Amino acid sequence: MSFLHVSRDGEIATAILSRGKVNALNEPMVEEITRSFEDLATDNEVKSIIFTGSGKFFSFGFDVPEFLNYSKSDFIRYLEKFTNFYTYLFLFPKPIVAALNGHTIAGGCMLATACDFRLMVTGKAKIALNEITFGSAVLAGSVEMLKYCVGSRNAQSILYNGTMYSAEEAFELGLVDQVSSADALAEDARKVAQEFAKKNSSAFRCTKHLLRKSASEEMIKREKDAILDFVDIWYSEQTWENLKAIKIY
Amino acid sequence: MSFLHVSRDGEIATAILSRGKVNALNEPMVEEITRSFEDLATDNEVKSIIFTGSGKFFSFGFDVPEFLNYSKSDFIRYLEKFTNFYTYLFLFPKPIVAALNGHTIAGGCMLATACDFRLMVTGKAKIALNEITFGSAVLAGSVEMLKYCVGSRNAQSILYNGTMYSAEEAFELGLVDQVSSADALAEDARKVAQEFAKKNSSAFRCTKHLLRKSASEEMIKREKDAILDFVDIWYSEQTWENLKAIKIY
Amino acid sequence: MSFLHVSRDGEIATAILSRGKVNALNEPMVEEITRSFEDLATDNEVKSIIFTGSGKFFSFGFDVPEFLNYSKSDFIRYLEKFTNFYTYLFLFPKPIVAALNGHTIAGGCMLATACDFRLMVTGKAKIALNEITFGSAVLAGSVEMLKYCVGSRNAQSILYNGTMYSAEEAFELGLVDQVSSADALAEDARKVAQEFAKKNSSAFRCTKHLLRKSASEEMIKREKDAILDFVDIWYSEQTWENLKAIKIY
């Protein structure tokens, strides 16, 4: 099992989402990513991390067809693991640079907003929190992270409309911090990660914590209830029909 | 008594403020609007609501001349009803599109900021939270809703200056989301309301709640004290002189 | 001892930081500024305050060479006084206009963000929260005030990079509200202070309080722990070497 390929070049680690063609998230994958990031947190040689995807997707988000076979309690357990992971990522003690190599959708976008900097490839790739377009709610932490990234006004617009944004549109909204060509993305991300790696690790960790602590407290405070609401809507008749129509392979 | 004309066209309800020439708010009007929105909340055929005004005003705000005849305890009771209503509106379970057909002042602007989307007519119409220009404080919830809409920096600027903004200026500040000509406003608002009506109702309600819950908690937490401070300043000698000079008919 | 020259012209007081060439902050200076602002708060003839510096600096920030001779407990006591002061300034009952006459660095920038309006001189002067560049953390209140001024996204960018910004760049970020030439700064600041002085004092104080109360609660809630983390990093080997290299006279 290897849904996250981790390599290291000097002080910079690169973690590549790798599952099928679209890097759709399921429970074993979230467990593996969590363990890998826990290892990166304690690896003293790693100063900053590039988080990217293989192929034409950063991540499609949840592996919907697979989850349709989960029981409700299994799905809740997955959601707890997923939200625990993005909360952990949001407060991760080292800088994480998201190199969005392709489509960054729903749960994939949630992971991206947890990072410290987002570069996105120009061209056909889209980024979205499009849950509302298929009748799904979102999760409490994802809303807080989005508000942290783009402010409450743009967060509301992004979530109410569920629009698929190009890199340029996402840059205008503050959802990504830099737009790169496909050829330049890896090198651009490396430069950003190198700048982060030069910073004093303790000062960075403490500053990040001060910036994000109040948002993370809101995330944690609201997530349990939000998961239950999310699940109720997920299993509702109308949403279920939409979910069954989603094909990812 | 009918200070709010409510009609329905398919899934879209339209609620029109209608009191005198300027739709100034008083206690019976706030009570009626509250009841009408409670009805809209439970009417299963209504998916989204357009909230607008008759004549050249969305709303002038409080009916100041009338309130000058209220006792202090009556005025406090009115303020409790008004702030309860805008808090209810801010968390309303269905999408509300404010079609600001004309001047949108003080308490009128507070109601507008509670909505999910604001279109404003171009031309002479102004929008303002101009309380400071006549020596009045504002209310706790109105500050939180304004910060939610435009961020704390623009909120501070709007409240410190009390400027009367054109639709274009308000758009720049993020206080309105779309500017329409007088001829196009109704149709533009209908299009926005139709887009909202297409969304899954449960997913919308849950997403809105996640976006707005922390702001609404601040609103509720601070409102009681804010009303007392507001009333102290309202009845102070200097402010009272300003209030007596306000004519609205 | 006079590290803050206070004068008054009509309803407007001017407070000028005056210590050495760079107005570096130490404990007696913070104590004196605190007492002076407490006097300004209760002086009924003062309606608004201009806060500026002498020479080519608004303030360099902490007097690092002096603090290297402090014991850890003395330094903690200083940090408590400094953070208490900026919290007091952030909620100060009268309008404070920061006229940033020159470099506004680190602790100097923290004081600036506590004010109600910032004008900055164009030219060579820089403004920065550059702590991360010499391996220092920041303080909890400074992060909350910065988020209040520029939003969380720009706050993160400013703190992660530690960039020295020109007045124009700072204006783009929302860190200053107006850019003035060196010749015009004093007069421009006076005009802004005069506009503030015209406002009803009680309405202003109450509105400011409503705008800033939630941020100030976060500041107070987190500061004690933040000071301890700040001190741990300050006395760490790598940061200490950087601090020893800082010359200010």
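A, B and C are the chain letters, set down in written order, and residue numbers restart from 1 in every chain.
Just so it is clear, a residue touches a chain if its C-beta (ideal position, glycine included) is under 8 Å from a C-beta of that chain, and two chains touch if they have at least 3 such contacts.
Predicted model, so just to flag it, every value in this text is computed and none were measured.
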Overlaying chain A on chain C by their Cα positions calls for a rotation, in degrees to the nearest 5, of 120
Would the interface of chain B with chain C count as same or different, where same needs over half of all numbers used to appear in both copies? different
So how far apart, in whole Å, are chain B and chain C when each is placed at the average of its C-alpha atoms? 36
Chain A: positions in contact with at least two other chains: 147, 151
Touching residues on chain B, where the partner in the complex is chain A: 95, 116-117, 147-151, 174, 177, 195-196, 199-200, 202-204, 206-208, 210-211, 213-215
The chain B residues in contact with chain C across the complex are 131-132, 135-140, 143-144, 147, 151-153, 155-157, 159-161, 218, 222, 226, 229-230, 232-233, 236, 238-239
